[in-house]
Amino acid sequence: MQIRYVIPGPMSDTVGNAEVARREDLLRSWAAPDVELRVQDLPTGPASIESIYEEQLAVPPLVDALPGLEAEGVDALIVGCFDDPGVDALRELARRTLVVGPGAAAMHVASVLGGSFGIVTVPSPTATRKLVLTERLDTRFVDVGLVDIPVLGLRDDVEATFEAMSDAGQALVARGAEVIVLGCMSMAFLEIDHELGARTGVPVVNPAKVALGVAELLVRAGQMPSRATFPPPPKLTNRAGSAR
Amino acid sequence: MQIRYVIPGPMSDTVGNAEVARREDLLRSWAAPDVELRVQDLPTGPASIESIYEEQLAVPPLVDALPGLEAEGVDALIVGCFDDPGVDALRELARRTLVVGPGAAAMHVASVLGGSFGIVTVPSPTATRKLVLTERLDTRFVDVGLVDIPVLGLRDDVEATFEAMSDAGQALVARGAEVIVLGCMSMAFLEIDHELGARTGVPVVNPAKVALGVAELLVRAGQMPSRATFPPPPKLTNRAGSAR
Amino acid sequence: MQIRYVIPGPMSDTVGNAEVARREDLLRSWAAPDVELRVQDLPTGPASIESIYEEQLAVPPLVDALPGLEAEGVDALIVGCFDDPGVDALRELARRTLVVGPGAAAMHVASVLGGSFGIVTVPSPTATRKLVLTERLDTRFVDVGLVDIPVLGLRDDVEATFEAMSDAGQALVARGAEVIVLGCMSMAFLEIDHELGARTGVPVVNPAKVALGVAELLVRAGQMPSRATFPPPPKLTNRAGSAR
Amino acid sequence: MQIRYVIPGPMSDTVGNAEVARREDLLRSWAAPDVELRVQDLPTGPASIESIYEEQLAVPPLVDALPGLEAEGVDALIVGCFDDPGVDALRELARRTLVVGPGAAAMHVASVLGGSFGIVTVPSPTATRKLVLTERLDTRFVDVGLVDIPVLGLRDDVEATFEAMSDAGQALVARGAEVIVLGCMSMAFLEIDHELGARTGVPVVNPAKVALGVAELLVRAGQMPSRATFPPPPKLTNRAGSAR
Amino acid sequence: MQIRYVIPGPMSDTVGNAEVARREDLLRSWAAPDVELRVQDLPTGPASIESIYEEQLAVPPLVDALPGLEAEGVDALIVGCFDDPGVDALRELARRTLVVGPGAAAMHVASVLGGSFGIVTVPSPTATRKLVLTERLDTRFVDVGLVDIPVLGLRDDVEATFEAMSDAGQALVARGAEVIVLGCMSMAFLEIDHELGARTGVPVVNPAKVALGVAELLVRAGQMPSRATFPPPPKLTNRAGSAR
Amino acid sequence: MQIRYVIPGPMSDTVGNAEVARREDLLRSWAAPDVELRVQDLPTGPASIESIYEEQLAVPPLVDALPGLEAEGVDALIVGCFDDPGVDALRELARRTLVVGPGAAAMHVASVLGGSFGIVTVPSPTATRKLVLTERLDTRFVDVGLVDIPVLGLRDDVEATFEAMSDAGQALVARGAEVIVLGCMSMAFLEIDHELGARTGVPVVNPAKVALGVAELLVRAGQMPSRATFPPPPKLTNRAGSAR
């Protein structure tokens, strides 16, 4: 099974190849033995995603990457941003590659583990709140807990980041969250989720691990997204002349 | 008051300048006397929007157009697509221009007129359904009623289009819709909303008229979107170096 | 366009003609140039509305006033109480005059500006909470923030009123409100909404301005409330003999 | 225990004393042995309630009747209209008499009997739909089923009325209703609820029986409505000078 | 009318006959004069119910007791545990005996008394939260307030229990609860509900009193649960051979 | 990784060992290469589960089996009934074995694949409807589609079963279901899910495959259910003397 984790921006340029490789190593360590996992970044797109504006910037390069991934025979593509930018568009366009968003996957898996969840993430949370609404999980959702550190600085002082995440998580637990979801993929690769679970006393759902697991289970079960929800764009299929 | 209606694609190329001018004339006829209204299209973007993929294509040219509109002193920008693509990103970026989406405006105005509404639109409806969810109007929403005619062909045979829209609208009324919302901007400029209201027996909300009215009232009241919901992207404001 | 703002009680007697005139001047300053706006009070009804009981007292004089307003050719009637007393009954009875309630209008316009809202108002809030439910906006609604000053005393010490409203508003923002709605029409005429917006950091929706704007846009668009929701009372239309 | 069932209109004049007495006999036959039950109508108010307008007309005479009932030592007052007009206002005003609305009582009792319910009633249903929303039972509510017979004509041909009610009820059951609620008090006194249950195959909740039962149980348990929800009107309690 | 209150465990062994008799005396004092009320416990089952595991243990002895109760001609069986364990199964199996759960009854009666409610109970609250969801009253539900005293120790120091319940109740009121529901049957027999109401300022709903009242009213109205919701188990009715 | 699929009843006696072995073979074929999967049935419990009563019968033998599975070092236990009987109780009791219910798992995975789902199952659906509510997925849920064949007869004529399931599924799709979930574990082992997907045009989620995949991903991610939701029963942990 071939799974590709796509970072929606030029991380090898902005942060460096080592970080891309580190994430690939971690994902491989979390995968089943028969999974062939690769991480790739994209030539353009935002340096990091901290606004809806940057989410929108990430979509065109994702769309551009899709045909190549399909040609390679990739079974599942994970979009490496918690708010699932581009997932719906990619699902409309994809012919054989399953597209998975870590945000939807993590929130539904959190729902299997407990009665309610909160999301520890970075500002601004509007896109995350809208994802909770479109996943229709708002009645389980306690709130976001915000960590005010730039995404690209989360690893600068992991101890400080951990403390800020603990504070945000504990405040959510005090308000009723029975599960914590990490709402930022850079948090997912800090290797602190189990320690955060010990600190907060509730399960901490890592969206990278869980997106991988959901991709695996859907590929194994032979499942693709519903064409009733994500039909192919009509101008690309029915009539001559594309929209581009 | 200066209001700009922006068509998110190169309509003057694909359909022709006359159609752009016709829409401008209609909008002017619907505006208050002190409104200076102009319609403009964009140099790139999709020929029409019939998929989430095409909505995403429309966002970068909208973002690119914003600084010019702000420099011109435009008070309000109406994004000319019912599903409100790019509205959230534009609101994050805008400093003085109010951004209005016709979909949210039309659904909330429909809610003032009756207890429930249905939306007559073209396939595919997933983006529209998600807008209903993020506007949190799903408990008023009966369903979409689909008219299977390409957007660019809606004016080819207005009589046939009207009949198809009537069928869709009457089916929604039979299922409990007390108001009909037109869910496609090309439908909004067909000048058939009052006739459709007479046929279906319920109010038909025209998203172009209503987006204009909401823009007017917000400008008059001096209201801008909440910065708590739509903060400026941090990398554009707090730190050197843009995400682009 | 003729719009009438009706104060549901004998304000010219209890508070004085000057206050009625002051409100008329403010509304005129907020209206589009082609709007002919008048304010009128009613010969009977409560001195102010601070209970559901008083809301009910306001309805018969509103109903009695309707035929005269229709005969005068009034295009839109705004009921000058936030909880929209009598609006549904008036809509059933009206033949050509559009009836607008400021509460529903303000809450739907607030929904266009941000993700959630709170309402700063005077006790008791049960009617306001029920209006939130019947408008089906409870999933956006944070809570009411109560200012414990009698309605007729709000202007006695505007500074103190402003401070109490700020405290209530800031508490709502701390609990997640991204927009504040003023939930009392006497608050709407204090001319402090923009200052309150500056203090709380979120948009403050003034129900008087917004009800006026919604009335204008609906009249311009030729829209009336749905007869499927508000049919004429059968005994007044189908059979001889009225219910009164 | 003294329970008073108040018909909100001059039924002894419009329909006659015999009908008032018949309803009293039925209610007595449904009550516990220690209940002293009386039915009374009011000197003014609508002949029947088939619109929100008429519901509003019913409130002032109900309010006027309250002090006398309290002086008589009535333990519970049942408002004899399914949509519960005036119940909230009466609860604000009442000092020792419990006020019960048959609509809320019947919908909550229906919820104890099955997973979902539909309401068989007469047009127009908007007030009933709003009651479902304010009782927050909309997720259990299938729909109304309308019987297009004037309220005052329901007993003219009971067989025809029963057939129309059966048709409406069976249609609701086919759409998922697991319980039927009679949504009109004149239907409640037709003595056909058990026959309708046999015909439709689901329990039929009679709002007159159930309002009586809820009044009994609340009086026995010493329960009054929450003063947090229904505080006394401030001008009647705190300050000199009433609103009337 | 014969009503049986069944304690789902061997209370006469674990706590003693006197407590069973005390509860019977209290229930009789709360019943209408024509009610023949008896309390009985069961030979097996948990000593007290403080977990979902113990709720499940309580169901088989309840099921075993049902045929005897039906043979005795019992009109209504009240399951003496707030979370209503076994009520759905018993309703499927019962042929003539009405089965009432105090949790559903108490939450719906609380809904008749005020706009929102909180539940004062003992840990763990997951079963109670799920009952709120299946009763679909979550939009009225503020939260549980937990009293960390073992169920079998609630009467050891009633004063301390009362203070702990008051603290929990007042905290719920501060968070918006307009009614308090006692969420544990051992709390219902402490005879402190009216005192708790005086302390918290809101009505306190006693599930024992209310379950009794709901049972009475349903028996008087001749109502049984919907067979559309609770059909008889097919293997017990249609085919030879039981599942046991 | 050791995963145990537990059939909650004596299937080897009632249906035979061959069927147990057949299900084990299928589950092994669906698992990742490093999963050690075994199926086991229980010495007592219902022959099949077609009622809430039978679900309750299944719980005590499941509880009795848990200590042995924990002693064996089983990583995850899948309860082999769609309505997830006993899952909450087992989660309270389990110390190291993850407990997974196929119903919750299947509905959340269906939510990842499309906007709405329907459930094809056997009567009676009340427990399934309640599971939808406690999973808080009712706003995505279209309805159940019932196949009126006894569970133990589903394999007697697979062609007829397939046609009945297709009819039920197509009816759900016509009412808006964008994904179909199989709501009965005996349906999950019919090996017809992909054929049913082809027939209905939407993804068909197999709860056996998906429960297995969710168990795998949670074990790989080191996740256990929240102790805030499922605390250990206090009498088993804090105090001497068990409830049994």
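For clarity, chains are labelled A, B, C, D, E and F in written order, and residue numbers in each chain start from 1.
Heads up, the rule we're going with is that a contact is a pair of C-beta atoms (placed from the backbone, for glycine too) under 8 Å apart; a residue touches a chain by one contact, two chains touch by 3 or more.
Worth saying up front: this structure is predicted, and the values here are computed from it rather than measured.
K.L.:
For chain A and chain D, what is the smallest step count along a path of chains that touch one another?
P.N.:
Minimum number of steps from chain A to chain D: 2.
K.L.:
If we look at chain D and chain E, which chains touch each of them?
P.N.:
C, F
K.L.:
Do chain A and chain F, two copies of one chain sequence, contact each other through the same residue numbers, with over half in common, or through different ones?
P.N.:
Since more than half of the residue numbers are used by both chains, the interface counts as same.
K.L.:
Contact counts by the stated rule: is the higher one at A-B or B-C?
P.N.:
Result: the pair with more contacts is B-C.
K.L.:
Of all the other chains, whose mean CA position lies farthest from chain F?
P.N.:
Of all the other chains, the one whose centre lies farthest from chain F is C.
K.L.:
Determine the centre-to-centre distance between chain C and chain E, using the mean Cα coordinates as centres, and give it in whole Å.
P.N.:
44
K.L.:
Roughly how many whole angstrom separate the Cα centroids of chain B and chain E?
P.N.:
Centre separation, chain B to chain E: 53 Å.
K.L.:
Rounded to a whole Å, what is the gap between the Cα centroids of chain E and chain F?
P.N.:
Those two chain centres are 30 Å apart.
K.L.:
Considering chain B alone, which of its residues make contact with at least two other chains?
P.N.:
115, 126, 136, 139, 229-230
K.L.:
Got a list of which chains touch which?
P.N.:
Going through each pair of chains, those in contact are A-B, A-C, A-E, A-F, B-C, B-D, B-F, C-D, C-E, D-E, D-F, E-F.
K.L.:
Can you list the chain F residues touching chain A in their complex?
P.N.:
Chain F reaches chain A through residues 30-34, 100, 104-105, 108-109, 111-115, 135-137, 139-140, 173, 178-179, 194, 201-203, 205-206, 209-210, 212-214, 216-218, 220-230.
K.L.:
Over in the complex, which chain C residues touch chain D? Could you list them?
P.N.:
Its residues touching chain D are 46-48, 50-57, 59-60, 63, 86, 88-89, 92-93, 123-124, 126-127, 130, 133-134, 136, 150, 229-236, 239, 241, 243-244.
K.L.:
Okay, in this complex, where on chain A does chain C touch?
P.N.:
So the residues of chain A in touch with chain C come to 126, 129, 138, 143.
K.L.:
Could you list, by residue number, the parts of chain C that touch chain A in their complex?
P.N.:
115, 139, 176
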